[in-house]
Each structure stands twice: as structure tokens, then as C-alpha cells.
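Below are structures written as C-alpha cells.
One chain, subunit A, links the two complexes that follow: it is found with subunit B in the first and with subunit C in the second.
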Partner chain A sequence: MDHVPTDLLLMLFADARLPVAGHTQSAGLEAAVQHGLTSAEVPAYMSARLATTVRVEAGTAVVALHRLDHELPLEPVVAAWAARTPSHALRRTSRAQGRAMNRLSASLWADGAAVRRVARLDGCPRPVALAGAAAAAGLDALSLARLVGYDDVQTVASASLKLLPLDPAAATGWVHDALPEVAAAAEDVAGLTDPRDIPATAAPQTEVWAQAHARSTRRLFSA
Partner chain B sequence: MPDPSPTRGLRLGVCGPVGTGKSSLIALLCRELAGRMSLAVVTNDIYTDEDARFLRASGVLTPERIRAVETGACPHTAIRDDITANLLTVEELEEEFAPDLVLIESGGDNLTATFSPALVDTQVFVLDIAGGGDVARKGGPGIERADLLVVNKTDLAPHVGVDRDRMVADAEAARDGRSVIALSRTDRASVDALTAWVTAEVARHRAGELVPTDPGPMAAHSHDHPAA
Partner chain C sequence: MTILLPDRETARGTTLAVTPTDGRVHVRISTPGDPAAPCLRPMLIDSGARHARVALVPDGALLLAGDAVRVDVEVGPGIRLELVEPTGTVAFDMRGGDASWDVRLRLARDATVVWAGEPFVVASGARVRRSTVVDMEGGARLVLRETLVMGRHGERGGHLEQVWSAHGPGGVPVLVEEAVLDDRSDRPGILGGHRALGTVVALGVPVDPELCPEGRLDLEGGGTVWRGLAHEAHRAVPPEVWRAALTACPQNS
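Take a look at the complex of A and B:
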């Protein structure tokens, strides 16, 4: 395959039009709003995720990418991710998103060895599926970590437009203002190679809300 | 080219505005067909899992064969452009139960939404006779080109001042000979016509003769353009 510049790959992966069922996700915002989070608190919510959940996700993704590149087993990465994601509901959602990503990857990189390896995993979570796609597409670890952070913030922003009455320019302003934090979170995890070093920074409140959300009978988003 | 020997069952979409009777039609089909074939259902509720719960409560299928997909307030996206969440759920059901027929209910909210042929093999568009006799004539992609149009709740026609035969004739005219069924759950003959149509679609699919077609987004149009 001809070399594709990293920025173009990132645009492809970060585009909301990527058919991976992104429209079913709110990055926990719906649950948070149901428990009283207000529009004014959304930027703080984004920051909190960048300091916690996003580091688990991004760390998992870059370690998986390293192990794909070095042909090391992926099971320890999945186990490390699961141990850092105590909510059953969030693990299930991440695995559903992983399947969606793997479905797309199988179509785009049909003969990619990394794509086949992640698809064979039992319950491949989203960050590991993303790592498979990144390995196949030639995306580096830092870019992958940025992608995970950016996607999280943008998911919160677009869900906020559905859940809280808002000028869309304001929501995009939040994303813009969060970019330095996205960059910092990505820098922090980009060099990780060992599953044991994946940050164990789950956010207990988010996890509790996610559990309640999965049992609620009125919701727009799967998580 | 249709797959000459499909290994999976038929995927049938049921769309149409809210309240026209999609969930009821699916429950009816499950009751009528459960003895004859293996079934599964996917619902696309906009805000609740009400449809899935209604169908589970109706007791016609075991609860694990009825799954709800969240659409993130994008019911059209979920059945038309990014169909991933639905496809994964359908594939999951097919893997677990190998059903002969998977019924997919759209989270209907208006007249224009139809299924992508990449998600369903064939689709039914449901109208409510109490929505008024004009609706069929006004048309739209689902009304004009879904594989089957159901004009539902015909038992209500006398109460809402709609001429049932007129509405069906309008629908047939709008549809260029495609199938129309005037349905009421209280009219046995109409229920039989519906199950016969579905059974025939299952058979066509099995025989590899069913080619999924897209009802819209827009009417194919042709008329003479004046010379510039």
C-alpha cells in the first residue's frame, strides 16, 4: 500500500461518519446527566475522563499496538484492561464497540495480520480493536493515543447536543479547549509497552453511573 | 447476483411511523409463524426498550431471542447509513439461534425512513388507516417502494371516516403493482395474507431468488426537462 500521511489516517479514524456505531455512544454522559450533571459541568466532565478512563483506554491501545508490532500475546493486555474497567456494563459496551471496529477493519484491511489477531481474541475491547486497525493502517502509538482521547471528548460533546440544550458552537469550543489535555494524556501513555504499566485510573463514579444506566429502561445511548 | 445458497435466514425490516402497529405486527407474525420456523427479533427504540419489553411480555418468543439496539437518538442512521449496531445484533442472533427469519423493527418517527438493503433482505412499510386516507396517495420511498405496504388497523376505518378500499386503491396506484395488504388483527383473512407473503419471502430467500432493493431516499423521477 502507498504510504498514507498520519494526519489523513487520523482524520479517517476520528471522523464521526466512520461506520462503527459511534452514534450509539455518549462516553458515559447520558448516565452522568441522569444523575444531575449540568451543561456547565460538561467541560469538567471531559477533563475528568481525560485524567481517568481515557488513560486506561489509550494506555491499553498503545500497549496492544506495541505487542502487535512485536508479535507478543495480546491476552495480558485484555486482562489488564478488564482489571482496570470494573464495571461490567462498560466492559460489555467496549467489547461491542470492539466488534464494530473489527468488522470495519476486516473490510478495510482484509489481509492485515494484526486485524486477524485482534478479531480472534475472546471479547476484544475497543482499544485493542483500534490497535489492530492502527497496526494495519500504519498509525504510530502517539497518534493512536491522541485518537482515543480526541474521540472520547468529541463523543461527549456530540452527545451533549442531544442530552442538554446547547449551542453546537459551544460544544465544539469545549472540544477545542480540551485539546491540550488530550495531547498531554496521549504523551503520558504513548511510550507504554508493558500491560502492567497501563494506568489503573478508572473513575469509580463513572463506573457506578454506567452500571445504573445499563439497567435503566429509558436511554438514548448504549453507554 | 443473489447468493445462490444463503446460509443465514431471511432478514425482514418493519418500518413506518410511530403507532402504526409495527410491534403488534411483529408479535402477530411471531404468534403465527413460531410453530413453523425459528424466529428472532431486533428492536430499535428511540428512547426506551419498550418495544423489546412489549414483545418479550407478549410471550411469543423466549426473551433472549428479542434484542434491543440503542440508536443514540439517530433511528434513521441506525437502519440506513451506519447500520453496524443492527448488523452486529442480527449476526449475534444468527450465530446463537440460526433463525429462519429475523424481524427488525425500526425506531420509526416519520414517513421517510427506510432500511438499507445491506441490513435487510426485504421490508414492510406500515401505515395506520386512522392516519387518514391521503397518506397513501402522498407517497414517499417506503409507501411507494417497500417490498410490502401494510395499511393497518382497517377495523378502525368506519370510526375515522376513511374509505378503506379507496385508500388501498390509492396505495396500489402509488406502488406500480407492488404488494399491498389491508390488515387488521381482527380480520383473519388479512392475517393469513400477511403470513403467506412473509412465508413466500422466506422461500424466495432460501431459493436464492430474493435481491434486496432500496426503496429510496428519493423517488426515481423522469420527465421532460425544457430545453435551456
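Take a look at the complex of A and C:
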């Protein structure tokens, strides 16, 4: 494959038009709004996620990428992720997103060994599926971690426009202002290689909200 | 790992081992180290052929700057150990210092630990590192409750770093969590302005899937965690949740 510059790959992966059903996700924002989160609190919510769930997700992706590159088993990565994701609603959502990502990867990199390995996993979560795509496309660990963080804040921002009365430029402003925190979170996890070192930073209120949201019948988003 | 505070040297640790013997369980208690240093002293309340009930009583004023509480608990095959705390704990203003609270639980095959933890209050100015490390062999059961409270009434909390992990047979991770609780954890999604975080953990114990759905998290490898956020400590762990976890964990002799 011809060399593709990293920034172009990141544009491709981070594009909302990627057919992985990103529009069904609110990164927990819908549940938060149902429990009273206001538009003024959305930036703090983004920042809380970057300090907690995003680190677990980005750390999982980076360690999975390392193990794909070194042909080490992926099951310990999935087990570490699951032990750090106590909410079954959030595990289920992540696996549904993982399936969508794996379908896309199978079509783009049909010959990619990494893509085939992650697709064979029983219940491949989204960060591991992303790692498979990153390995196939030649995306490095730091870029992968940035992608996970960026995608999270952008998911919150675009969902906020459907859930709260907002000026779209304000939501984009929140994403812009969160970028230094995205970069810092990615920097923190980019060098990880051992599943035991994946951050386990809990977000208790997010977990409680996610469970209540999964039981709710009045929702726009899957999670 | 989000560990910012250093490990401290334990001045006086606590070890508690409950193992099977003929007729009655054997309970070994020791608190080695500097006798002037504070610790949690185990007091045997009751024991039988296969069970023991032990209170963890603070020996000395706890928890102040420089304190390093360490509790190592080992429970032998098929034994049930019940741990109770006569009072909650307040970590006081440490005026620049810090303290630690480390618990290690080792459960042999078919062992059971029931730990009715009392509130752990992190007063303004306190800096505490807390860890709980659990290793469980096959068939082991753990039912534990924990309430972390940021600040006494009417004050902001201090700084708490908490690490919690449980591993099953073969070192398979069951539940791994870290939290840094301070002013920044007020953000929505973490504590969201609540003062108390209650947790009930039931591992190796099948809980009726319909029971207590509020705040309930069912783990990947079996086991259930309930999470409660409240403004007051006594509301963070609903009594019906603790009862549900206890009921799921059968009594033995």
C-alpha cells in the first residue's frame, strides 16, 4: 500500500460520515440530559469524560494496537477492558460499535491480518476494533489515542445539538476548547503496552446514568 | 495508574488469617510493628466450625497525617469471615501531609468474606491514598460495602485517590477501578456535585437479575456492583441493596 499521511488517515477515521452509525451515539449525553444536565454544563461533562472513560477507551485501543503489532493475544486486552467497564449497558454499546467498525474494516482492508484477528474475537469492543483498523491502515498509537478522545468530544457536541437548544457554533467552540485536554489524555496513554496498565478511571455517575438510560424507552440515541 | 501520592512505609500493619482446623476455625491475629503507631485491631466476636466474625477496631486516633493503615486478610478454603467496623473513619485535615489505607484480601477456594464497611469521610485538607486488592480462588465469594464521603457536613472534601481491584482464578481481572476524588470530581459524570459515593460489591454470588435495578451494574465475568450517589452518607448505600447482596450469599455454620 502507498504511504498515506497520518493526518489524512485521521480525517478519514474521525469523519462523522464514516458508516459506523456514529449518529446513534451521544457518549452518554442523552442520559445526562435526562438527569438534568444543562447546556452550560456540557463542557464540564466533556472534560469529565476525558479524565475518566476516554482514558479507559484510549488505553484499551493503544494496548490492543501494540499487541496486534507484536502478534500477542488480544483476549487479555478485552478482559482488562471489561473489568474496567462495569456497566453492562456500556459494554453492550461498545460491542455493537465494534461490530460496525469491523464490518467497515473488513471491506477496506480485506487482506489485513489485524482486521481478521479483531473480527474473530468473541465480543470485540469498539477500542479493539479501532486498533484493528489502525494496525491495517498504519496509524500510530498516539494518533489512535487522539482519535478516541476527539471522537468522544465530537460525539457529545453533535448530540448536544439534537438534545439542547444551542447555537451549533457554540458546540464547535466546546470541541475546540477541549482539544488541549484531548491531546493530554492521548499523551498519557500512548506509550502503554500492558493490559494491566490500562487506566481504570471510573465515572460513577456516567455508569449509573447509562444503566437507567438503557432501561428507558424514550430516547433518540442508543447510548 | 493515577497514583500521585507516594507509598508510605507501614509503621504497624494488621494481619488476620482464618483457616480451617478440626472442630473450630483457627483465627490468627497480629499487629506487627511500632506499638505506638495506630492500626486497625481485629477483635474476634464469634466463631464456629466454619466461620468467624471479627470487628476491626481503630487502635489510636485514625486517620491523621503520616498514618499508614494496612490490613492483610487471608481466608482459608470453605471458611466464611464476616468483618464489621464499629465506627466510620474520618481522615482529618493533614496540613500538607498525607496518609494511606491499604487492604488486601485473599480468599481461598469456596471462602467467603462479608465486609460491612462504614463511611470513610475525607475531611477538608485530608490527602489519602486508599487501595483494596482482592484475589479470589474458584468458588470464593465477596460481599462488601463501602461509602466514601467527601467532607463532613458543610465542608468541602479533601483529596482521595482510590484504587480497587479484584482478580479471579488465574489472575483474571473481575473489577478494576481507580478514582481521584477532589474538587475536580464534582464535574457531571463523576460525582456530579454529590458528596457521598456508595458501592456494594457482590462477587461470586448470583443475585436475582430483577432485584434492585437502580444503580446496578452486572459485571462481565459474573458478579454485581451497585453504585449510589447521594448528598448524605447514609443514603449512598440503600439498605435494600445491602440486604439483596447479603441474601444472595448463603450462610454456613
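The rule is simple: the second predicted complex is superposed on the first by the 223 of 223 C-alpha atoms of A that agree within 3 Å, B and C clash if a C-alpha of one lies under 4 Å from a C-alpha of the other, contacts with A are read in each partner's own complex, and residues count from 1 in each chain.
Here is the rule we use: a contact is a pair of C-beta atoms (placed from the backbone, for glycine too) under 8 Å apart; a residue touches a chain by one contact, two chains touch by 3 or more.
Just so you know, these numbers come straight off a predicted model, no measurement behind them.
Touch criterion met: A:Ser26 reaches subunit B, while subunit C stays clear of it. Of the two partner chains placed by the overlay, only subunit B lies in contact with A:Arg99; subunit C stays clear of it. Set against each other, subunit B and subunit C touch different numbers of residues in subunit A, with C touching more. Once chain A of one complex is fitted onto chain A of the other, the partner contacts of A:Ala51 are limited to subunit C, with no touch recorded for subunit B. After overlaying the two complexes on the shared chain, residue contacts for A:Val77 are found with neither subunit B nor subunit C.
Once chain A of one complex is fitted onto chain A of the other, the partner contacts of A:Val208 are limited to subunit C, with no touch recorded for subunit B.
When both complexes are overlaid on chain A, the residue A:Asp197 reaches subunit C alone and has no touch with subunit B. With both structures placed on the common chain, the touch criterion links A:Val175 to neither subunit B nor subunit C. Taken together, the subunit A residues at the contact with subunit B in this complex read 17, 19-26, 96, 99-100, 103-104, 159, 162, 217-222. Considering their complex, residues 1-2, 163, 165, 172-180, 184, 187-192, 194, 197, 213-221, 225, 227-229 of subunit C touch subunit A. Across the complex, subunit A meets subunit C through its residues 28, 32, 37, 41, 44-45, 47-49, 51-53, 79-80, 82-88, 91, 196-197, 199-209, 211-212, 215. Contact residues of subunit B toward subunit A in the complex are 46-50, 53, 69-74, 77-78, 81-85, 87-88.
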